[in-house]
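Right after this note come the structures.
Consider the two complexes below, in which chain A is the common component and chain B and chain C are the respective partners.
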Partner chain A sequence: MSTYGFYFDGTRCTACKTCVYACKDKNDLGLGFAYRKVFEYTGGSTNRDGGGAISTDCFAYSVSLSCNHCDDAVCIEVCPTAAMHRDPETELVCVDAKVCIGCGYCALSCPYRAPKVDREKGHSVKCDGCHHLVKNDEAPVCVLACPTRALGFGTIPDMQAKGEQANIAPLPTKEYTKPNMFIKPSKDALPAALPAGTNNAFIANPLEVL
Partner chain B sequence: MEHAYAELPLAAFSTLASIGAGVFVALALAIPGGLFSSSPEKLKKIDRLTAIPVLLVGVGFIAAMFHLATPLNALNALNGVGRSPLTNEVVVGLAFMVVALAYWVAALTGRLGLGVRKALVSVLAVLAVFFAGFIGLAYAIPTIPTWNTPFAPASMLGYCLLGGSLFGLLILQAADVLKDVASGSFKVLFVALGLLGAAAAVIGTLGLFMVAGGIEAAGHQVAAALPWLVGSIAGLVLSLALAVISVVRVPRLGVVALGCLVVLCSVFVGRLVFYALYITVGV
Partner chain C sequence: MEKHTHEAPPSNPATAPARTPGLGGAAVSRRSLVKAGGALGALALAGGMFGKVVPRFVAKTPEAVADSKERIVWNHCAINCPGRCSLKLHVKDDEIVQVETYAVDDDDIDSVQPRACLRGRSYRAWVYDPNRINYPLKRAEGTKRGEGKFTQISWDEAIELVSSNLKRVISQYGNEAVYINYATGVSSSTGRSWPRLLNILGGYLGYYGTYSTAEINWITPYIYGSSGAGSTISAAAEAALVLVFGSSPCETRQGGAVSNHDYVAMREKTKGKVYVFDYRYSDSMMGHSDTWVPINPGTDAALVSALAYELISTNLVDLDFLHTYCQGFDEETMPESAQGKNLSYKDYIMGTGYDRIAKTPEWAEPITGIPANRIRELAHEIGTAKPLYVVQGWGSQRRSNGELTAWAICMLPLLTGQIGLPGTNNGLREGSYAINLDTIPAGNNPVKTQISVFSMVDAIERGPEMTEMRDGVKNAEKLEVGIKFVVNYAGNCITNQNSDINWVHDIMADDTKCEFVVGSDIVMCDSMKYCDVILPDIFRLEQESMIGTGGDSAYMIAGSRPYGQKHERKSAYEAISLIAKALGVERDFTEGKTEGDWIKDLYEAARSKDDTLPTLTAAREMGVFCRKNPKGHTIALEAYRKDPVGKALSTMSGKIDIYSEELADYIAAHEFLPDDRVTAIPTYVPEWYGVETTTDQYPLALSGFHYRGRIHSSWGGVELLKELNPQELWINPADAGPRGIESGDTVRASNEFGAMELLARVTPRIVPGTVAAPQGAWHDADMNGDRIDRGGNYNTLATHRPSPFAKGNPQHTNICQVEKTG
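The block that comes next holds the complex of A and B.
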């Protein structure tokens, strides 16, 4: 069980990606690495009926996503070296770079694509919830940077009071890993585990996030 | 097939290690026929040729190292015993490798009595089956529906038994003992081993395809993997035919060697298909 979690307000996010770049800046991440990503999810269609009236159900919303420091963290379960572990103080999921062998099982298993092997560094890298900031009662840098206050961070009961456990598309259903990310969904948000092709929904920025 | 190319070292490892390990299952089947009661010259040849399975598994492990970002830390992979399916695979694999090396070195130096030889090859045969099964179980990850099925260990067991039977035949034929050990019961057992291996490999491959095919979002991945999958199955069936012909009819080294090449290629392609069909429940 984790002590802390993230909050995401889908009614405020404008997909400006300040969170992404604040994180990249703080962690000095180069091309190909981002610990936080903003998924732009869109779809729908515009149709003309027999009488000539045009209607649309087009939609677009964004989800800012990093490691969710899940209660059932599959990355910790499968890690052969125990490099993927919970920080003893904050219980945020972190990588022990000295132990990690960079086998990539965490990256394969995480349904949120949070960890990634950095072959140059020789180990897995991911969001550690800025646990050193959290230990000093500060918020993670992505939360501090968000200009619309769409991101939040705090204890699980506080985050639970603001939103529901992440269960919207394009994310997987919450049962798999019990993510500690709580969402106030935008009006357009579709449920997780949507059958493929529902409402022509797709991730519009795959090159950026996948 | 993009994901398959990213996992080439693992495809090489799972191919070479499972086939190499399976050789000991084939050798164990030849024990009752008098495998180790051959002339000293033939016994020496068998021991020298045992380098083949030892090398196959060894090269497999080396290939797996290329998959790691920090191979020097590889022993840390033992930290997750009992918890991580990958650690379990590594532990069983290392146990197999240690026993196989010990057996091979002791056999080469002529320090093995008949009883110990039989016992060690039988133990290695059992360890080989576990090793292959654990390679498949390493992919039992709940967030990857295409891998988290019994088809993954089934295909690995199949590759182990079918590939092992062909390379086992290669050793027996090259050491000129196949005609000595190929009694009626050996033939029946050997053909049964090959059939069982081919059936498990084909069922495992088709099962993977069936599970992946049921995931709508993976349509393009499945379509791209299909020709490779068909090629792999065709190769498995052809290699089984070559194994059966070599055991039932007059064996020829060239035919057996061709069978080994075909089985190596078809298992490798099968493994590429497996990695290509990495499909997650997530984004």
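The block that comes next holds the complex of A and C.
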């Protein structure tokens, strides 16, 4: 069980990706890497009839996502070397770079795409919840970066009081890994357990999620 | 840095298990992996599991000194977004190792926190950019402007070249031949002192207007006189209905204490509905699809006209207000010169004047794309919701019909009498509550002649042919001489942000036309390639600096220097002081002061007028000083609403002009092209190069918008931001399908002025018939070859024909064809 979780306010996020970059800057990530991602989920259509009138049922919303430090952290379960572990003090899920062999099982298993193998470094890399900041009672860098205050971080009960356990598209259903991410969904948000192709919905920014 | 002790196994993405929902079938057989594999869903297709091998990011702390002390240095963003947010620089061994921002960890959305956006957070990548200019440069012998080939020179040689050419041009052609190009890359109290030097030397040809606001700022004095400042966004929290035209507040100013934050906070608080009229479902509408009213670009005035028709027809206009506070709604308040001629606004709307066409919802439907019944419903909502807050950004006005469109949008609050009251706005852009610091005094310009901000290249090409009546020359009947000497400091408007880049290139490349261009910048942007001498500048965040600004709330940042001089870069103030010295006017320019002295004196002057400001020492210690608006909100025209006689406006009528006699006189005196349909009331004018004037050859309208990863062209060369913010052409599936275009394809957009290539983003977030690209991408073309701009800068396709009144840049008004190229 984790001690801490993230909160995401889907009514406030404007998809600016400041959270993504604040994390990249702190962690010195170069091209091709980001521990946090902002997905744009878009659907519906915008049409023009023969007379020129436009109709639309288009919707688009964003989800900012890093590691959810899940209760059922599959990345820890599949890791052959126990490099993927919980930080003893904060329970946040971290990579022990000295032990990791870079096999990529964690990357394969995570339904949120949180870990990624950095082949140059030779090990997995991912959001560690800024656990060294958390130990000093500071919030992770992404949280305090958000210009519209759409992100939060804190103990699970505090986050549960703000939002529902993450269960909106395009995320997987919460039952798989019990993510410690709590969401206030926007009116446009669709449930996670939605058959693919519903409302023509799709991840519209694949190039922007590294 | 942690060190790994294991060799990584070969993990070639090509041989790695497929990134599909079928991951359960991959070589890994452990139970949880299989379980999770089925859960991947949509995310499985996004992003990769293995990172590319790429060069590491620069400016890391060397391990040998890893335990040396890290300092926090406050400074501010200084680029042309009024955000100018706080930067909390982590500095170690004279290098910036991390960029944070002012933030307080609390849940109160009203606490004032100028948090920097992703651009501010990425300063480290820009400061250490390989494109950084570190030494004075001069154009390489035997090369033409635009080729971008330079030779390193000494500061002595650079100062000599600049000062001797400036002296020569002034003596040969006069001061009117000297020009400071529009540029917005630096904002601070002491950031811009070129005007001061040139005024000491006898002046220079000035400009009026800005690339951001040419059309709206030109027309505003005819509507409201000098009282054109809007209400703060926060005022809309008290509105019953909020209408937004041509604005994406979250994208244009995306900091934590400007419109991105302010709009989100307002939307959360307001009890009223919010409607955003836009051809594009902008990021400001993320998660709020019910706010989007799709409309064809350039047709806002047609919508307003039809709404006005409905409001008048259903008696929902506030006649008392219109007759008391406005001139020209109907015959009752027309000035004597225009009486009895069916020239009123009501005559135009109801079809009894001007074109004799009633502006019914059915008339507007095919123009705007908004169904007639929807227009009726909207009119009813607008006519009955009080307070009504109407705001426009600068998107609607940066068009070939921008002046009249900006005015037309103001008609909605005027027709309903929703002006000067709590919860209302004047229909113009939102206002701000800011801390205003004085800037370094420019002195008086002895040359009074001005051109429009968009006319520099015209004035180089055909200066003496440019007249007041045809070309908008101000304070003189005509130009006496073309521009021969250009200063381009911290800006990219020679080419990149200018229109018709190919045409501009041809004129600027010819150094017999403009004889000398001095540039000064941080990085080698496209406009720098057109300079003869380049002076290497320093970021404001690398020097002592001071800025005051604000949105709903005000803030001020006192910046300190993170480290000393690097390479041969010099601050603009120091560089200009050296030029002043070479020209014998150093004492006049500096008054014996360093830039630090100026910052101190300017701040003390501001503090003497505002005793709530902290001392300079205290300001520097705290870095960021925030202040809430003591009135809660600023309401436009509050005083005029209370006392229309005592607080009469500075328009010709003293009232809000719906018919402007002053503009009628202006129109009568000036020359216009036949399809520049100009009126003294806010009418809808179909655009040239607009949705109603597409052609078989160029069947699509092309527009543009602000992007998250740039403000204009600033940050446009930062690879880490380009990766997160790819340059894409938005295109509706209805336009992409027949062209065989899918998301991710490379497409070419072209028209008579040029062609650009970029990636396609096929999306229902844009109306059919219009494509759009984010503005400010770095132009990237072989100008001696095919000239196809592979940077995807749509200014390559933008006409240099100016808007009719302001002679401003109509850069959102373009037509093109789009094809798939890869």
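Convention: the second predicted complex is superposed on the first by the 199 of 210 C-alpha atoms of A that agree within 3 Å, B and C clash if a C-alpha of one lies under 4 Å from a C-alpha of the other, contacts with A are read in each partner's own complex, and residues count from 1 in each chain.
Criterion: contacts are C-beta pairs under 8 Å (C-beta built on N, C-alpha and C of every residue); 3 or more make two chains touch, one makes a residue touch a chain.
In this text, all values refer to a predicted model and were calculated from it rather than measured experimentally.
Taking chain A as the reference, the larger set of touched residues comes from C, when chain B and chain C are compared.
Judged by the touch definition given at the top, the superposed model places A:Asp28 against chain C, while chain B stays out of reach. Look at A:Cys127: by the touch rule set out above, it reaches neither chain B nor chain C. By the touch criterion stated above, A:Ala166 is placed in contact with neither chain B nor chain C. In the superposed pair of complexes, A:Leu92 makes contact with neither chain B nor chain C. Once the two complexes are overlaid on the shared chain, A:Ala82 sits against chain B while remaining clear of chain C.
In the superposed model, A:Gly44 makes contact with chain C only, not with chain B. Once chain A of one complex is fitted onto chain A of the other, the partner contacts of A:Pro195 are limited to chain B, with no touch recorded for chain C.
Shared interface residues of chain A, touching chain B in one complex and chain C in the other, are 39, 74, 77-78, 99-105, 108-113, 117-119, 121-123, 170-173, 176-177, 196, 203, 209-210.
Contacts from chain B toward chain A in the complex involve residues 67-71, 73-74, 76-80, 83-87, 90, 141-144, 215-217, 219, 278, 280-283. Residues of chain C that touch chain A in their complex: 2-9, 11, 16-17, 23, 26, 28, 30-33, 35-37, 39-57, 60, 98-101, 103, 105, 107, 109, 115-118, 121-122, 124, 250-251, 254-256, 260-261, 264-265, 268, 281, 283-290, 292, 294-296, 365-367, 369-371, 708-709, 719-721, 723-726, 732-734, 743-744, 759, 761, 763-769. Every residue of chain A that touches chain C in the complex is listed here, in rising order: 10-18, 20-22, 24-26, 28-34, 37, 39-48, 51-56, 58-62, 72, 74, 77-78, 97-105, 107-113, 116-123, 125, 138-139, 141, 143-149, 152, 169-173, 176-177, 186-189, 192, 196, 200, 202-204, 206-210. On the chain A side of its complex with chain B, the touching residues are 39, 65, 74, 77-83, 99-105, 108-113, 117-119, 121-124, 170-173, 176-177, 193, 195-197, 203, 209-210.
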